[in-house]
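Chain naming follows the written order as A, B, C, D, E and F, and within any one chain the residues start at number 1.
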Amino acid sequence: MRHHDLVMFGEAMIRLSPPNFRRLEQTNLLDINVGGSELNVAVAAQRLGLGVAYVTRLTNNPLGRMIANKAREHGVDTSYIVWTDDDRVGTYFVEFGASPRPNSVVYDRRDSAIARIRPGEVDWDAIFKGVKMFHTSGITPALSSTAAEATKEAVRVARKAGIKVSIDLNYRALLWSQEKAREVMSELVDAADILITTEEDTERVFGIKKDNYEEVAKALAEQFHLGAVAITLRETPSVWRNTWTAIAYANGKIHRGPKFDIEVVDRVGSGDSFTGGFLFGYLHDGPAAAVRYGVAISALKQTNPGDLCWATCEETERLLEGGGLRIVR
Amino acid sequence: MRHHDLVMFGEAMIRLSPPNFRRLEQTNLLDINVGGSELNVAVAAQRLGLGVAYVTRLTNNPLGRMIANKAREHGVDTSYIVWTDDDRVGTYFVEFGASPRPNSVVYDRRDSAIARIRPGEVDWDAIFKGVKMFHTSGITPALSSTAAEATKEAVRVARKAGIKVSIDLNYRALLWSQEKAREVMSELVDAADILITTEEDTERVFGIKKDNYEEVAKALAEQFHLGAVAITLRETPSVWRNTWTAIAYANGKIHRGPKFDIEVVDRVGSGDSFTGGFLFGYLHDGPAAAVRYGVAISALKQTNPGDLCWATCEETERLLEGGGLRIVR
Amino acid sequence: MRHHDLVMFGEAMIRLSPPNFRRLEQTNLLDINVGGSELNVAVAAQRLGLGVAYVTRLTNNPLGRMIANKAREHGVDTSYIVWTDDDRVGTYFVEFGASPRPNSVVYDRRDSAIARIRPGEVDWDAIFKGVKMFHTSGITPALSSTAAEATKEAVRVARKAGIKVSIDLNYRALLWSQEKAREVMSELVDAADILITTEEDTERVFGIKKDNYEEVAKALAEQFHLGAVAITLRETPSVWRNTWTAIAYANGKIHRGPKFDIEVVDRVGSGDSFTGGFLFGYLHDGPAAAVRYGVAISALKQTNPGDLCWATCEETERLLEGGGLRIVR
Amino acid sequence: MRHHDLVMFGEAMIRLSPPNFRRLEQTNLLDINVGGSELNVAVAAQRLGLGVAYVTRLTNNPLGRMIANKAREHGVDTSYIVWTDDDRVGTYFVEFGASPRPNSVVYDRRDSAIARIRPGEVDWDAIFKGVKMFHTSGITPALSSTAAEATKEAVRVARKAGIKVSIDLNYRALLWSQEKAREVMSELVDAADILITTEEDTERVFGIKKDNYEEVAKALAEQFHLGAVAITLRETPSVWRNTWTAIAYANGKIHRGPKFDIEVVDRVGSGDSFTGGFLFGYLHDGPAAAVRYGVAISALKQTNPGDLCWATCEETERLLEGGGLRIVR
Amino acid sequence: MRHHDLVMFGEAMIRLSPPNFRRLEQTNLLDINVGGSELNVAVAAQRLGLGVAYVTRLTNNPLGRMIANKAREHGVDTSYIVWTDDDRVGTYFVEFGASPRPNSVVYDRRDSAIARIRPGEVDWDAIFKGVKMFHTSGITPALSSTAAEATKEAVRVARKAGIKVSIDLNYRALLWSQEKAREVMSELVDAADILITTEEDTERVFGIKKDNYEEVAKALAEQFHLGAVAITLRETPSVWRNTWTAIAYANGKIHRGPKFDIEVVDRVGSGDSFTGGFLFGYLHDGPAAAVRYGVAISALKQTNPGDLCWATCEETERLLEGGGLRIVR
Amino acid sequence: MRHHDLVMFGEAMIRLSPPNFRRLEQTNLLDINVGGSELNVAVAAQRLGLGVAYVTRLTNNPLGRMIANKAREHGVDTSYIVWTDDDRVGTYFVEFGASPRPNSVVYDRRDSAIARIRPGEVDWDAIFKGVKMFHTSGITPALSSTAAEATKEAVRVARKAGIKVSIDLNYRALLWSQEKAREVMSELVDAADILITTEEDTERVFGIKKDNYEEVAKALAEQFHLGAVAITLRETPSVWRNTWTAIAYANGKIHRGPKFDIEVVDRVGSGDSFTGGFLFGYLHDGPAAAVRYGVAISALKQTNPGDLCWATCEETERLLEGGGLRIVR
């Protein structure tokens, strides 16, 4: 048994995207990557040095194996993945935009193996031995009602085992209604210690709207008795040029991350890399470090193609120390 | 209203394949093509000069539009396609092999828009005006029970309109059992004038097994009162080097096509190109021409990547005249 | 006979461009696309929903067929194309720049099949049945003196049939002198209802120079008795970042399009997509709509590689409604 | 601590090869893969189901990390790799040939981190807990005199721990002389239970030459008191078409593997995949199974680009059962 | 002034070919290479060690410069190229086939700069100082009547300077009739010392038909008083698998080259590489060496993509010594 | 003997870089280019019209030949290169960044053939006949102590022959300490007429720090009795968007180059292209022209992938005349 700091639970998909700003209708090549909110978190956390296990349910075909392979390539433990010969591996298609055309995503994820998971299929008691934190997102329970039950089960077992729970709200309007999301997510966030979200998702799921994001974070922390609430903040003056930062509210205090100008290579999965960095910083040095590592590694992630983060801990810390833009030799 | 000689009905999918003999697990690029038995037939027939309309049901997203675009690129009329905002576009993955590793295909086609078609959605009466032949394959009714009903409806309307019916038996074990196939296909082939098949499919679907393929063709023609039965014949001494020919039985006579050594670039869809050439030859000059055009254009198809045929009528006839392998300038 | 709203007449070429900002001398790969002013217009108009036929003259070889194929892929009717076994298909090479290096184009278009067209080769009477608008550009008559005669013939027949005529001034200094252009274009614009141009071309061809583009548009409208004059306006602070808008003068009034910041993927053909959108808007809802659809679809076009536009009507309208730069899911 | 059946020790390098049969002088793209004799063995064994740890010494830069990443992607345990900030990662360049031009390899491996390893840097006692077999090749001790000492140390510790030792003779004339190889390899093979080699290497290193390879195997087994000796046998009528088989001598008996016609995609590393399959079969079912699994998985490997094997156990067994060359659906 | 052994005169073109056996209609990428009979000869001769100057006429644009660049890349002296701002650079398109589809070529070379060359534009007296041999092919005079005059001028000056003349007959039916070719080529071959040709071209141009190619060579040598006649011999059992050899007749004797099985990567330009090797061998060691070097280097050339040869002298000699197909390390 | 204006001496390497902003760990393709400070200078100078010879020491394998080939492709004379069968060709890996991730470089250059050069291996007396300027950089003597001796030898012979010496300070901290650099470079710069550097390198190597770069240039000129000192100036508001200019101090006067906004495709080697342009301008028209040509051609270089410059003299002058960003047709 390898040692894990973190355990992740969620869906990973095959991601297909045309190169060179081609539209899907126009391409005859697709880049193939794997991605999924919790897998993305796992990879970022592992790049920084945490031990991470990733739990999902996958069809045993080349596409399912590719997902597990890529998790392993990043050192993420895949030995708890539930394999099945049935169902399918979800796919999604990304078209990269340029102002004034935004990026767009077409999902084809229905009836995937993880959407068909049922409570009892994962041996959470075994998995959680020695673990510090369990993380999932609002996408996992949105996949299906059985997936929602399986998510609640994981959270319950984690709580009973005294493991901290982290939730990324991550509302997906294509998967469920705001009402349904509110009902399920309230229960999950109630059981959580850490919540990562955006102003917009908070309003859509919990109907919380405040004058500024600091107050949103505070309101969430109070309503759900959370140890920390993080909110990521993106400005998009253009598709290729964004700014990126985040704040966290913890113990009555606002912690602000650095703000970066981003030349965007691929912004898909940046929130997840933030979470990976946040959890790393949080476990090592509390909420102030959390928001700093979260912002820095997710800023770096946006300069790599694919959902997954390829920055190292050393690069992340160099950026936090104001590394500059000269060629690194 | 454009003039059509042929009308096709069936499923087309997005086909994804790794370049350069990579395995799916191994690739980070995919070639994207479109293909599907009846679309492949349509394109081959159109390349030779027939007017062809292709009927299917497609989700109105970039993948569905790509399928219609590629049909149009080949001059195939897509104006009768049924569009929907629901359901999905099927995909399939092809891994190209090398001896002793065969090609392999992973399908992800469940719940596609065409599998969800229901009788009454297509205005066959309008479509069939002035048409000479209707063609479909054993894949279409295998997609779902409603697709089977829709296929039977099309055949019924065609018969009533005095239009010849052509069927490619094309048994797909992943889609239905031999028993179910026999039940449905017997009804369809009973209504047909032309049947295109292989020895193996004939045995699996109809339980017909004879000493040689000539007798199989004859037995089929007699049992189902068919005007013509064609059987394609492939030998595979290696993955990259096949031989390819076909015979047809019509009016008590066996017609043999030429036999070609093939350096295989992509064999997927060769049977369909045979059918396209067969129908072209049949409509223009009867069964002897049919089998010759069918074999020649499908031999050429196997030298093009993708399901679709890019040979011209002139090239097909040059090959039939014994064109040779010198550089054509 | 399919129904057409628009008929286009002009040259399409094979376009070859090195990927990844390589210089031509430096590349060992070329992207291959097709393009040509009137074909580009045809495609944009068809993407928005018009029925369009494209008339040209093409050599019957793989390059000529590729041009027709790509027009068909976009649903443009190619059945009136004049095919020949002689002459050649023009090509042009594009090098994509980066500040301070501008894009550059090398043409190799002399003696193409369309440059060799002669009056009487196209059956305009048949083509124009039921058509609302005929469009060509100043490039077509510049190709050769016989092409100029053929263009005048088309305009004459259109006028006689009561069909509106639209002209894009599109001055090409490599093809003819300003004097020759003025002589021929004056006759064509005199017969036109709609003129699309830029300030600079107006000065070069007609010697019209005013304090601002609104006055240029007005002067053109008055001098040539035009129903509408549109002028496109580009600012190029850098190669990768432009602004883009247009105005139209019609019935004594200036109509202004929205102004967009463009992250330029490929600006070749943007004026043509503007024209396609302009004609769509004009036919559906008059000059105010014309300039809005024109600007929006051509802004989107500049984010797609290739001359041709891949935006949908829905995307165009979403942009006009202020769609924003968030990921579209 | 994860469970391992096998432990490997050796060098892995970055492999760079021009695509599409280009010569190195001619290319402007290189495919990048990782490979190395023992890593290749590790991957093949793991694909079949063994637990494998891979021990090497790597420079901690992106190239070193890529090697570890790819091992992990295949499920190979990399936690015992010795990391250093010094030295370099070896590279090698492969040019793929076509008859009459053979494949060629240019090595640039001098002074790599593993060549600089010294005895005492690896905690073999810890690594060997619960392990069944230790494997290395004749390349590892050839890298440098300290690497030779480190290899001998590993073998000594393995023997003391009662772990079987497997050696692939793998003579590399660029690395050391036949005399030096004989001296070092004699000591290592003396300590081994399993030897894998070719007729030619046996003659060059040990001066053993017999009438046929069966006698060579027998002679080796007797001279070095080996439990099993395997000899791989390749015929190369052309570069793209080889035959491939192997025999093993064990306990006084010759075991013959099946013989396959190979359409060669990439033969580099096939001997290593043989070894991986041989060790899997040997541990599970003795020498007869060993040679069968070895030949089958290495036949499949030669149809994948790269040194590493991507076949599954199911595919290997399907081939052993005479799977045939039909498309697998 | 650099020292030259050989001077070449002829046309080089930009060669465009779809990768991966795609048809032109089907591709969206083209490989770009340069080629042309005499340039191909120049490169092969230089690879073997001769000093070579290449004379042509080129348009001074990126395409013209690319041709000169690639000649220089191979060490061929381009300082005598005649540059012009007018005319164009010829292009040609190659589609690579697979049995039963042969390779095909589409030329677009009319009105190129070299076709517009006139006698007097090249300072042959200066160029020929210290040169041993002048070479051109039957393509050069076929380009235009002025090119024919310029070719004759070059041959005249060479003869006057006592330089040997070598001619490759190279009949191109698209460029001129057999009658015209006979008239011009008779004059050129009359002035030559060396003729390189095929049986088929000899029959088409000179009407010479004999029982075997040895007699053809002898007849040519006698009719035109030639020092050596070489005939290349290709068998094409399939597109990807050819055999290749040649013979030479000199001083009453037949010299036979080795015969190679070729796995064909790109056969375009193989005859030219033969000539390059032939001239190298001839100048160094007479006709027996000529035919051996010619066959070997042109066999190797067929395994490289592009018209140009990338073999080294060492590789050529290794092949002549029976190098075998083992990996070269 | 060809005429040369300039002679260069230094190291060129194989440069490997992942496309599309991939990290090295993430890529399976590498672009291959060649580069090296003095080769880059040679190419820029040759593009502008100077005759240039490049001296280095190279291993005679495909990588070494590729370096010479690419120099020849640009018309640079490579006939003085010292070839060896020993040692290796250095490589380096470039990762292209995006804000806030800077570009990074990993070198693997130790023990290259040029690092192993010894005084006496190059016949400088022969090379310097008729030459105007000798140029090298601070990288060459940093490669090894024998390379430092060989560099000093070249400078000594140049001085004795009355040839001007130009030095680019180019401090590489990975190759030597500041102390060692100061010792060696002081001697070399003392012998030089032209020094090209940056403020930062000046401080690191010579400890010279002033209020502004004009004073730095002046201080250098005075301390080392230099005819001209040039300092390049880059601002990096983001990775993809820089500004670029330079100044030169000569004869008591500051000459300022134009300042350009750069959309950065590849900034590696820009300083070297500056030097190539500077030396061209200096030899033709003195220091004012030098700084103008230097800035313009190096601005253009940054828009080409690779270390080498592909701009023409005409393009450089067009930019200096304020060419603008419109499409060049």
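Here is the rule we go by: a contact is a pair of C-beta atoms (placed from the backbone, for glycine too) under 8 Å apart; a residue touches a chain by one contact, two chains touch by 3 or more.
Please read all numbers here as calculations on a predicted model, not as lab measurements.
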Mutual neighbours - chains that touch chain B and chain C alike: A, E
Greatest separation from chain D - chain, by CA centre: C
Computed distance of Cα centres, chain E from chain A, in Å: 61
Where chain D and chain E are represented by their mean Cα positions, the distance between them in whole Å: 45
For chain B, residues contacting two or more additional chains: 23, 25, 28, 69
Listing of all chain pairs that touch each other, if any do: A-B, A-C, A-D, A-F, B-C, B-D, B-E, C-E, C-F, D-E, D-F, E-F
Interface residues, chain E side, partner chain D - complex: 19, 260-265, 299-300, 302-306, 310-311, 315, 319, 323-329
Chain C contact footprint on chain B (complex, rising order): 1-2, 69-70, 72-75
Touching residues (chain side chain B, partner chain A) in the complex: 16, 23-25, 27-33, 61-63, 65-66, 69, 88-89, 91, 93, 95, 106, 108, 110-111
For the chain C and chain F complex, residues of the former touching the latter: 20-23, 25-26, 97-105, 107, 172-174, 236, 238-240, 267-268
